Every structure is written in structure tokens, then in C-alpha cells.
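Shared between the two complexes below is chain A, which pairs with chain B and chain C, respectively.
Up next, the complex of A and B:
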């Protein structure tokens, strides 16, 4: 190993709060060498972002650090550096990329100015040289029209472009260390793959050390050399990436892997970690995971295990200390079989040629000068009791489809037929269908009314539908639903802010279930949640389907969840479905080049150390779709005919696909 | 962008017509010429003949909207609405009930008003922004805490207190400035110093607190963290990144006031005997001069609409997100 660029020793970061001192980071040590990537993995609240911000000294001033804590960049101890000197380090020797590219750029300065600002601060380049260098940087992060981009304001760029600009800003000072805090979490998988490969290319050129903070084990497998897993402010496992993925030793790491959904776990319930992360204001004296651990015994409750070396990796667990009572750790418990049986099968919902167009208005009199074809001719059908997944990148129109099915957005044309009743253009009697069709939204923090108690939220649908007359009967239903979605009984009188993200999503599910629907549209229900919480919600959805015979339209960009839950998959691209078929088939043998690229872009835990970015470019604007096949500008197999007309449907092995590759000329 | 501005101007036209109509209804239909005459002449010993005579002399005896007795275009134009209200669109305000030309009065009296209002606005804006930035720079410290406390104290004190104390201390005790009065030209400065000072101090409490909130809101945004990660100093972040973002709401909040500056301050002008439009309005109200009050109400509405129009335009100038969409 080459010389370490960053050495963190016994880092303790305590943050004052109204309830007391939060021990957000509690004795964390690691090193990063030049040209190496260390991934700091953990769920929200584990302290990984606070660790990163401690290194860059970006925390508020009332933070306290441990007495023997050290953060050595080369041989400078950053914790003992005055703020004035630290400013010479930030941006120059440490570059930082943040999670939210949408808000991390200043909206009122041009992209060029935001990069040049760093050069002005940290280099002695002349004005012209700075300009030139900024353009070089934009070119290096893969921006095509560099001159235009220099003059653009952030709001004119897509999310992926913004994150590229963030990288260019972070690289402007040619740092030795790059801290990337969830750099691709807000991006689509195809764009994520592009951004990760840009990062990797630049890392090799500059031989930077990278501290990558992420919750996505797939991304870790692709890019990390070393992995440190954080739990409740501590590193609980620290290992070379290959060793970690071959043989994770800490019970928490193992359970993280087990709670990941995948195709081959379809017939089982996902493993769930019971309980929750302990409070960091008053952490338990023993192992912090003990209360949730399936192996814990008395010593785990009382004595904090030290980080113990077990060959190539270090683990903070009593199973690996000297008093080890078990020679071999059981890999996993018996899995709960959950094979899906669809007893009856009739078409519940069928959608024919659905379009949703939004007018673009311009000029003095706001004339309609064009149409954003958000949904442009979608056919779907859903059988009772099945799960249809709608997948695609953001902006492909999948959420608009969901909303127009429920008439939350009016359809421009097309037919939505629910059990032989047409729903479109029947606004008056739509209300009674609201009890048949329900929806769960993406963000459980924003979709529940903060001023309504849980009872009121759940019972509101019953009231609106006038389904249950008496208050007492309604309360009984609410209590039954709370039990059904796994919330404690006392929840009924509490308010949404008193619950965690996963619990809130359970409330949202209970609300949807209240009116006894036959079908629920789930719009990215787990994308705001941690992996272990995601497992709980996914299991709940699966159980409820079995119990109540529900049909789901499951909208997601998370292929792993889709492969675990879906019976059929429809892939959307720019307002149209380009491929549809049985989930196992579509995901195992994708036909459409877009589906193939999308699936290859998904970083897989077992995928090893390579980044594939098979889909280049970005989703075109639905206001000006490319001529011919919409995917043709990004397609590796493009033929002349693809640029002339949109391919018709073809059916290959029971899979519907719209691509000229499968049409005999 | 031009399409946007032209559209905004076009939107203002129906609003102006509406304002004109409402003002007319208020002053001629709700409050009839009969009422005006009674108020003006006193209702004790006045005869109906005197009232009728007053109405005729002031030209208030025409039909309201439509004159069936007149010929051709006069059916519309020889009416109360046309003669009293349509001319307001050309800023022809007619004569007051005492026979003075209102337009002439306004053009003369707006200058003292502006001489008081413009320095008050600029000095107040500058001082408030500086104090707010200072408090944000020292956020969480004693300076910030005491600053907020003083702001709340200043807000709780009535403006009248500042006027009377200022006049007593600076004018009566120290004799630095005259108590009240006005002269045109450069000597106006000594008469304006005290009212400007009072106006600035009376505005500090709410102004600083409002700007401080705006700055604090900006300083917790993600782009500030990015700026810190670049290695910029706190002062550079505050004055470059935060100020430029916070200036958008500040500027637009100020721009909406600019046209209304012409109207002057009712309170300050009366107390300091400054012959501006504020005291003009007060005097007209006191003298029950409806022609003047009506003109000022209409002028106020027009200037406010103009302010809103300027606000929309200034948004497009300072915010690239509006300008480029």
C-alpha cells in the first residue's frame, strides 16, 4: 500500500442538541491511500456524513471532538488547524461532492463563475488561464457543450449535469482527497453509471484518495477498495472490498446483505432487522447492535467489543474476540417461504392508448407552441392479485401514468377501464372508484398531513366514502389496520412527525387499505427509505397482497425491488412502454437495447469491481422527442430505419418489445 | 422576457379600469353628491336650494353613467363618470372643492415628499442590511441575541415616541435642527435631517429582523455548504453568495414601495410641517375636500399597481431562474 493520504484516528464528534450531547461519531479510525477509494457504508443516522463533514471541518462551530481524536491529512492534523489555515485545505487539498446536486449549486451564479471562484481562490492563474482551466474541467467530467455550460445557470442543467459540475468544482483545486457524500443517490442508474465512471477515470489520472459515503452496497462493490461499515456512530466492520463482499463477518453486515431484495429471493420473505438504532445521546454500554442481534448473549449487553482483527478484516463483535463461543457463524436462519399463488385471474384494470399531454405556452398571448408528451400512448392491463412494475428513468412518465389512472392528472385521450367501467371522462361517479383504487406516494414525510392524527389520516377515506357510519366502528377499523401494517396500538392518537420514515410509510399503507381497495398504485414507496426499512415495507406489501388478494402497480426505478416483487414488468422510455413481459423473463433476458442498458447499469452486489455505463447521454426532452425510435440517439444497435419511424410492437417469447431489431424487414 | 413584461403591462390595464370604477362608486354612488354637499355646507341650517346650488357649481348634477337627454356621443360623455373619472386616466385631476387646481398642487408638493422619502428609504435599507448581515455573521453569539432583543424593543415603541422625543431632544434641548417647517433648495437639509432620522430609526426594528430572517434562511441552504467546501471565508460567503440570493426578496420588497414614495408620509409630514403630498392628503381629509381625497386615492392605487409591475420586472432582471424561463 502506498503512503496514506488521510489517517483518521479515534475520531469522536459530539454535537450538542436540545436533548443532550449526541455522540454522532464515536471512536472511528481509518486510512485512505493515494489512488484508493474507501467506502463508508451505513444507514441514515449511522454517522457517516458527520464523519465526512468532520474531516472537511464543515460542521457548525459548537461541535466538540474527542481529546485524542486526530484527522491527519498527510502530516497536518486538521482538528488542530485554525479556521484560516483550514480554508487553504478546503477546496485545495480536500474536494467535496454533496448528495443533492439540485440544491448544492448557487442558483444565481453561472456554472463558469462557480468553478472559476475556486481557481481564483487557490491558484495563481491569470483570468484567461482560469477560464481555460474551467472549460478543461467541464470537459473532463464529460460535458459536451463546454462553452454553453460555462454560461448556463444551474437550473438550466439536468440532475446528472449538475452533479458533473459539482465534481468539476470539487476537482478544480486538484485535491489529494475527494469526499463524495452519496454522489449518485439522487441520480438515475444510467446517469449514476456515467458519473461513477467519470469519477473513477479522474481518480486514476490524479491518483486522489476518495472517501465515498453511500448506503448502496452495489455502488460500493463497483468502486471501493476498502469498506468500512458504520452502525450507530461506530465502525463495526472494516475490510478490503473483495474480502467484505465474499465474507462479511459482522452480524449487522450480514443482515444488510440479507435484507437486499433480489430475483432469487422472490419466493421468500426478506430478512428484516428487528428494532431500531439506539439513541446516540445515551448509547447502551455494550455492543450497540446487541439489542437487534440474533447472536447476542450477556457479554454483548454489558461490554463494548473492540475492533478485532480477523485476518484481512477488522470486526467489532464479541463473536470474534477471544471469548468466542461459536466457531462458525451460521450464515442465515431458515428463510420464510412465501410462494405466490394467484387463485383467480381476471382483468382488473386495462388501459388503452393512454396519453397525457401538457401544453407549452409561449409569447405575448401564451399561445400553445408545443406539447410535452409525458405519456404518449400507453397500453397496460393488470390482473387481479398480480403486481405490475412500471420501471424507467425519472422523466419517463411513469408517475404521470399513475396519476392519470386515478384522474389526479386528467388524461388527454385513451381509455382506462376498471372492471368493465370506463373511468376516463366520468368525473362525477369517479368518487366511488376511489375506494377500489388507492395510491401510496414516494415521500412519507411529505404525503401525510402533519396536523392530523394517525386515526384521522386513516379514517378520512372511510368518512369521504361514507363507508362506515359509527365512530366506534371506524375506530375499530383503524385499530385493525394499524395491527395489520405492524404499528403499535398506541399509534392511533399520535401525529406523523412522531414516527420514523418506515413507520410513516406503514401509516400511508394503512390509509390506502382503509377503504378496502382491490388495487394499490405504489409510487416509489421505498425510495426514501434505508435498505433494512425497505425490506420491512416490501415484506409488508407482499404479505398484504397474499392476505387480501391485492393487485399492485409498482412504480420504481429500483430494479432489485422490482425483481423481488413484480410478476410482470413494463419498461417505459419517454412516455411509451418499450418492453413488457413476465418479470423473470424481462429481467433475465431483456430484449430492448434500453432495457438491456438499464439493467446493466444497475450496480450489483456480486458484480465485482467494474463500472459499466452502457447507456450514454441523457433522456431527451419529451417536448422534442427524437424522430423515429425515441431511444435511437442513445442506442448502441441503431440502424437507419430507427431514425425514420417509431418501431411497431413485436412479440418475442411472450415479451412485447418495440424495436426494429426484432422486426423482419 | 419582453413578452412577459408586455403581458404584465397589459394585465395592469383592466386593473386600472377596475380601480377607477371602484373609486368612482365609492365617491359618487356610496357617498352621493347630496351627502358631500351636506358634509361640506353643514347639515344644521342649510337649505335644499343651497345644497342643489353647491352640487351644480361643482358639476355633480349630471347623470351617473348614461345621459338620455344628450345627443350622440354626449350620451356617454356628458355624465358624472365620464367627466369626473375618465379624465383621471390622463392624470387630469380637475379642481378641488375650494377651486384650486389639484394637478398643479400635486406636481408642486411631491418634491418635498420625495426629499423626505428617498433618503429615508435608502439610508434605512443600507443600514438595515448592514446590521442584519452583522448579526448573521455573529449568529448564535451575544451580539446576535442582543441585536434581536433591541430590534423587538424598537418594534414595540410607537413611531410617535420617536417623533416627539426627537423633536424634544435634538430640536428643543440641543437646538441642532429646527422643530418643524420646510424651505426649498439646499436649506431643506436642516429641516429634513430629523424626520429622516426618525423614519430610519422607526424602521430598524422590523427591517433588521426581516432581513436577518432572510439571510439566516439562505445561510442554511446547501449551496452555502458548497461555498464553504470551496474554502471561501465566512465574509466572502455572506457578501457574495448569501447576499446575492437574499437580495432577490429584499430588492423586490423595496421596488414595490418606490412609486408610493411620491405620496409621502402622512404622519411625519404633518408633525414636521413638511408641505408634501402626505400633509396635503391629511389637510384634504380634515377639510372634507372630496375632490382631492378622490384624486389621492386613485393616484395611490395607480402607483401601487406600478410598484407591483416594477416588482415583476425586477424579478426578471435579478433572478436568472425567472429571466431564462
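Up next, the complex of A and C:
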């Protein structure tokens, strides 16, 4: 192994808060060698971001570090460096990329100016050389039209482009260490794959060390050499990536893997980790995972296990501290086998040629100068009790489809037929159909009114639909719903801000269930949640479907969740459905080149370092869709005819696909 | 037959209705109030003490709004009772004879002699000398040092302070506990040992006693001295400042009352429904706000003045006339100043209507009116509150500016604006007469500060994310 560029020893970072000192990072040690990637994995609140910020010294001044804590960059101890000296290190020796590319760039300067500014601060290059170097950097991060990009302002760039620019800025000082804090979480899978391969390429060229912070085990499998799993401020498992994915040893790591949804777990409930992360203000004396661990015994409660080497990996668990024969362990409870039986199968909802166009207005009299064709001719049908997944990149119109089905966005043309009743053009009759169709939103923090109690939130639909006459009956229903979605009864009088993200999503589900719908549209209900919480919500959705025979339209870009939940999958690209069929079939043998690219972009936990074959380029603007097949500019199999006209439907083995590859001329 | 005739002026009527509706609201909602989030205000020390200070200001404004005309001693031959043309308030009655006791000209605070030397004829020769003041001379024994005398008076005020404290606290505690002995016991325990998240009864007690002490002391001192000196025509500045409180409170509250419905209605309608409604409302307030505000107000006030002069017979007394002008000024200020709040509310509503919880409500089939009432209004509340309080202080100041260009309240009416306006010349003369400005400043400062602090705690209390 080459010499380490970053050595963190016994890092303790305590943050003062109104309730007391938060032990956000508690005795964390690791090293990163040149050209190596260490992935710091953990759920939100595990302290991974605080660790990264401690290294870059980006925390508030009132933070306390442990006495014997050391962060050695080469042989400089960053914790003992004054801020003036630290400024020289940040940007020059440590580059940082943040999660949100939208807010990391200054909107009033061009991209070129922002890169040149960093170069001016950290290099001695001449003005002309700086300009040249900035273009080189942008080229290195895979931006095609470098000259144009230099002139652009951040708002003119897409999310993926912005993140590339952020990487270019972080690389400007040619750092030895790059800290990437969830660099691809806000991006689509296709763009994520592109950004990850750019990072890998640059790392090889410059032989930097990368500290990658992520909660996505797939991304870790793809790019990391070393993995450190954090839980409640401590590293609980530290191992080479291949070893970790082959044989995770800590019970927490094991259960994280078990809670990941996938195609072959379809008939089981996902494993859920009960309980929640302990308070970091007053952490338990023993193992911090003990309260949630299925193997825990009395020692775990009282004595904090040390990181112990077991061959190639280090584990913080009493199971591995002494000769503890693993056969004595209690066997994990059998997972419930669920066979999905759809008894009745009548068409619940059918959508014909739905279009939603948003006019672009300009000028004093607000003339219509163009149309954004967000949804451009979508046909769908949903059977009672089944789950239809709508998959696609952000901006492809899947959320607009959801909203126009519920008439939250008026449809421009087309028909939405629910049980033989036309919904799009009968505004007055619509209200009574509202109770049949419900929606769950992505962001659990925006979907609940912060000024209403949980009772009021859940009872809102009951009142609006005049379903229950008396207050008492209404309260009974609210309590029953709370129980159904797995929330404690005391929740009824509390307010949304007192709940965690997963609990809020449960409240949102209870609100939708209150009016006893037949069908729920789930708009990325788990994408804002941690893996273990995602498992809980996915399980809940699956259970509710079993109990109540609900039909779901499940909108997601998370292929793993889709493969676990969906019966049928429809792939959307730029306002149209390009492929549709049974879930197992579409996911196993994708026909459309876009679906193929999309599935290949998804990093897989079991996949190891696979060679990424991501979809090239980015989603074109729905205001100016490409001529012919919308996917033709990005398609690896493009033919002359693709650029001329949009391909018609073709049906192969029950799989609908719109591509000229499958049409015999 | 009562020896006076009650005279309810326009602003009095509106003010009483406002107070009464607040009272009724509290009375009928007292059960729900226990859990209402805004009661958190009283669990905050700053909130509690600023509320007490504001309450005292409101009390003074209330006392000054109880107007009447005293009976005259002369009678017509047909035995009909005659009432004075001069309208007085209960506050005047309490403070008398401050309103009629005039010096010849300026006198410094706590002075016993006139501020400037005045000419006398002594044995046929003009001698310049400091004259003893009429009012203080009546009450102060000559040749006592001022400080000793002040401390005497303050000590004399203590029994009254004690009495008032005892009486008011007994009444308040009875109202709070409704006479239940267990609750009284609990209350006293909480005063001695405040609960960490309970109502700040101790803070309430301290502020209450301090304010009562301040009021009685000032009252006793005003019996003997001109606390804040006198102005050019020899009128007591302390009396003027106390009387100005009502004008300030009236302009602050009534203008908001006029402005609020416009801003709220137009803002939410424009933001929620968009389209044509939005266009019409936007063009209206754009047009209105593109006319300079002062010009619009000045024009309206001047038209009003001409109108009032033409119908002089409508007003029974000068006070009624001045009051009608104050009322009209509030309406005019309200009608010209709703645009900025309306714009804020529209923008916030535009943001709120796109939020998922509003979409969820639409998906549940909740009617638009209910969505506005249940989701939009409560989430606008903090903006409204902050704007109201910022406007409150702004309006008190606007009144000063308007008085300066002669379109404010009636010159015969005491107001902070009129006081500040006349201080312009007094500051320019040598030696400087600083006390009218200082008095106006202190009274206004305390009022605006208390209102700001109060609004701050109300906003925090209404924010459920901070409630914990």
C-alpha cells in the first residue's frame, strides 16, 4: 500500500446544542492512501458529514474536538492549524464537493469566472494560463462544449452539468484529497453513472485520495476501495470493499443489506431494523446498536466493543471479540412469505392519449411563444390491486402524469377513465371521485401542513368528503388509521415537526387511506428516506395492498424498489412511454435502448466494480424535443429513420416498445 | 340626572368595538385557549413583560377614550341643563389640573423657576430675573432642594402603589383561578418557584408592580412638578405626552384594521386563483403604489378638510371635529398602505399553493375556500403579524411626517407627531429646549419597543417548529 495522504486518529467532534453536547463523531479513525477511495457509509445522522466537515475544518467555531484527536494530511495536523493556514489547504490540498449542486455555485457569476477565481487563489498561473487551465478542467470533467460552458451562468446548466462544474472547481487546486459529500444523491441514475465514471477517471489520472460520503450501497460497490460503515458517530465496520460486500460482519451492516429491496425478494417482506438511532447527547454505555440488534446479549448493553480485526476487516462487535461460536446465535425470525394473488382483475383506471402542455408566455401581453410538452400522449391502464411503476429520469414528465390524473394539473387533451367515468372534463363530478384516487408525495416535510395536528391532517379528507358525521367517529377512524400505518396512538395530538421523515410519510399514507381509496399514486415516496426507513415504508405499502386490495401507480427512479414492488413497469422518456410490460420481463430483458441504458446505469450492490455503460448525454428540453425519436441523439443504435419520425408501437412477447429496432421495415 | 353627558366619538366607538370583540373572543374561547399555541407568549419572560407594558399603554388609551362633557353650573331660565362644549376624557379628570394649569412659557423639567429671565418692573426699572413658576410654587415649599423633595414625594406614593398592587393582583388572580383554592395555591407555588415551561407569573408580578410604581410616582410627581417641563405656551409636556398615547395607539390599530382585510383578501385571492383575478388585483395595486404615498394622503386630507369646513355643523365640538379627522386619517392611511402587505401575501400564497400539502388537500376534494382558511391563512399568519407590528411603529412615525407638512392630525390634538414637529424650532434655539422631544421620544420608544418584542414572541409562539 502506498503512503497514506490522510490519517484520521481518534477523531471526536462534539457540537454544542441547546439540549447538551452532541457527540456527533465519537472516536473515528481511518486512513486514505493515494489513489484510493474510502467510502463512509451510514444513514442520516450517523455523523458522516460531520466527519468530513471536521477534516475540511468547515464547522462552526464553537465545536469541540477530542484531546487526542488528530487529522493528519501528510504530516500536518489540521486540528492544530490556524484558520489562516487552513485557508491555504482548503481548495489547494483538499477539494470538497457538496450534495446540492443547485446551491453550491454562485448564481451571479459565470462558470468560467468561478473556476478562474479558484485558480487565482491557489495557483500562480498567469491570466491567460488560468483561462486555458479552466477550459482544460471543464474538458476533463466531460463537458462537451467547453467554450459555451465558460460563458454560462449556473442557472443555464442542468444538475449533472453543475455537479461536473463543482468537480472541476474542486480539482482546480489539484488537491491530494477530494471530499465528496453525497455527490450524486441529487442526480438521476444515468447522470450519476456519468459523474461517477468522471470521478474515477480523474482519480486515476491525478492519483488523489477520495473520501466518498454516501448512503447508497450501490455507489459504494461501484467506486470504493475501502468501506467504513458509521453508526451513531462511530465506525462499526471498516473493510476493503470486496471483502465487505462478500461478507459483511457487523449485524447492522448485515441488516442494511437485508433491508435493500430487490427483484428476488419480491415474495418476502423486507427486513426491517426495529427502533431508532440512539440520542447522541447521551449515548448508551454499551454497544450503540445493542437496542436494535437481534444478537445482543448482556455484555452488549454495558460494555462498548472495540474495533477488532477479523482477518481483512475490522468490526466493532462483541460477536467477534472472543471465541464466540456463531452457531449459538438465535436464528433470525423467518420472513413472511407473501404470494400476491390478484383475485379480481378489472381495469380500474385507463388513460388514453393524455397530454399536458404548459404554454411559454413572453412579453407585455403574455403571448404564447412555445409549448413545454411535459406529457405528450401517454396511454396507461391499471388493474385493480396491481402496482404499475412509472420509471424515468427527472424531467421526463412522470410527476406531471400523476398530477394530471388527479386533475391537480389540468390535462390539455386526452381521457382519464376511472371505472367507466370520464374524469378530465367533469370538474363538478370530480369531487366525489376524489376519495377513490389518492396521492402520496415525495418530500414528507412539505406534504404535511406544519400548523395542523396529526388528527386534523388525517381527518381532512373525511371532512371534505363528508364521510363521517360525528367528531367521535372521526377520532375513532383516525386512531384506527394511525394503528394501521404503525404510529403510536399518542401521535394524534402532535404536530408534523415532532416526527421523523419516515413517520411523516406514514402520516401522509394515513391521510390518503382515510377516504378509503381504491388506488394511490405514490410519487417517489421513499426517495427522501434512509435505506432502513425505506424498507419500512415499502413493507407498509406492500402490506396495505394485501389487506385492502389497493392499486398503486408507483413513480420512482429507484430501480431496486420498483423491481421489488411493481407488477408492471412503464418507462417514460420525454413525455412519452417508450416501453411497458411485466416487471420481471422488462427488468430482465429490456428492449428499448433507453431502458437498457437506464438499467445499466444503476449501480448494483452485488455487481462489484462493473464497467459502466451509462446513457450518454442528458435529457433534452421538453420545449424543444428532438425530431424523430426523442431518444435518437443519445441512442447507441441510432438509424437514419430514427431521426425522421417517431417510432410506432411494437409488441414483443407482451412487452410494448416504441423503437425502430423492433419494427421490420 | 348625571352631572355629565357621555360623548362617544368616532374613533372611540371603533376602538371600543375592537376591544370588546377581543374580550368576547377570549371569553368564549377560554376553554380552547389552554392549548392554543399563542398562550406560549406568556411562557416567555420577554413576551410577558412586553405584554404588561402594552397593557398599560392600552389602558391609558382606553381611559383617554372615555369622553364626556361636564355639566355647567349656569342654567338657562327654563331649567335645562347645559353641558360644556369642551369634551373631556376620564384621563383628563385624573390628571387635572395639569391641562389647565399654564405657565407663561418654557420651563425645564422639575424646575421651580422659569427657564429664561423675564422682565420685571422693580421700582420703575426693568429688571431681568427668573420668575418662580405658578404651578410648582403652589405645591412646593420654597428653598427645599429638589432631590429631597422628589424623594419625599416618591415615598408618599408608596402607599398608593401598595394599595393598587394589592387590589389589582387580587382581581387578576381571582379571574385566573376563578376563586378555586387549589388553583390559587398552585399559582402561588408557581410564582415562588417558576416551572421551566410554565407561565411566567413571577415576571408578570415584577413588571406589574414596577409599572404600577412608575405610574403612581409619575402621578404624584406631576401634582407638584412639571416632570417634563412646559412648552412654549406653558403647557405641561408630561400631560401632552400622556395624551399623545391615545393618538398613537389609535393610528396604529385602526389603520391596521382598515388595511388588513384589503391586503389579506386581495393578496390571497390573487395568489391562490391567479389568472384574470391576479391580473386585475396586480394592476390595481401597481397603479396605487406608483402614486407617491404622501401626495395621495395629502390630497385626500386636503379634500377632507374642505369637506369638513363646508359641513361644520356636523361636528358638535372641536374635539369631535379633530376626532373625525383622526378617523379619516386612519382610513386614508389604511387605504393607501395596503399594497405592500398585499404584495407580500400574494407572493407567499403563490408559494404555498404549490406545496404538497395544498395539493394533497385538493386531491382529497377540499373546497378552495376551506383550503384558503385552513392551509393558506394559518401559514400567512407570521407574515401578517410581523408586518402589522413593523407598520405600527411606521404609522406612528408617518403621523409625525404628515403633521410636519400640515396634513396630519388636527393641530389642536396632542400627538407625538405634533410634539416632534414643534421640537424642530425648540432644538434650534439657544439655550436648547430639549424636553418636549425627549418626552415624545421616551413615550414612543417604550411603546414601539414593547410592541416589537411582543410581536417577536408571538411569532415564535405561532411557529410550531419552535414550540418543541
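Quick notes on this structure:
Operating definition for what follows: the second predicted complex is superposed on the first by the 651 of 665 C-alpha atoms of A that agree within 3 Å, B and C clash if a C-alpha of one lies under 4 Å from a C-alpha of the other, contacts with A are read in each partner's own complex, and residues count from 1 in each chain.
In this section, contacts are C-beta pairs under 8 Å (C-beta built on N, C-alpha and C of every residue); 3 or more make two chains touch, one makes a residue touch a chain.
Being a predicted model, the structure only gives us computed values, none of them experimental.
Clashing of chain B with chain C is the outcome of superposition onto chain A. Residue contacts after overlaying the shared chain place A:432 against chain C, while chain B stays out of touching range.
In the superposed pair of complexes, A:443 makes contact with chain C only, with no contact to chain B. Of the two partner chains, chain C is the only one touched by A:403; chain B is not. Of the two partner chains, chain C is the only one that A:461 touches; chain B does not reach it. Within the superposed three-chain model, A:395 lies out of touch with both chain B and chain C [touch as defined at top]. The contact surfaces that chain B and chain C form on chain A in the two complexes do not overlap at any residue. Residue ranges on chain B touching chain A, taken from their complex, read 3, 6-7, 10, 140, 221-223, 225-233, 241, 244-245, 248, 318-321, 324-325. By the touch rule above, chain A contacts chain C in their complex via residues 403, 406, 408, 430-432, 434-435, 437-439, 441-443, 446-452, 456-457, 460-461, 463-465, 495-497, 508, 511-512, 515.
Of all the residues in chain A, the ones that touch chain B in their complex are 56, 58, 61-62, 87-92, 94-96, 98, 100, 103-109, 117-118, 121-122, 153, 155-156, 166, 169-170, 173, 362-366. Chain contact summary for the complex, chain C toward chain A: residues 355-357, 359-367, 370, 374-375, 378-379, 464-465, 467.
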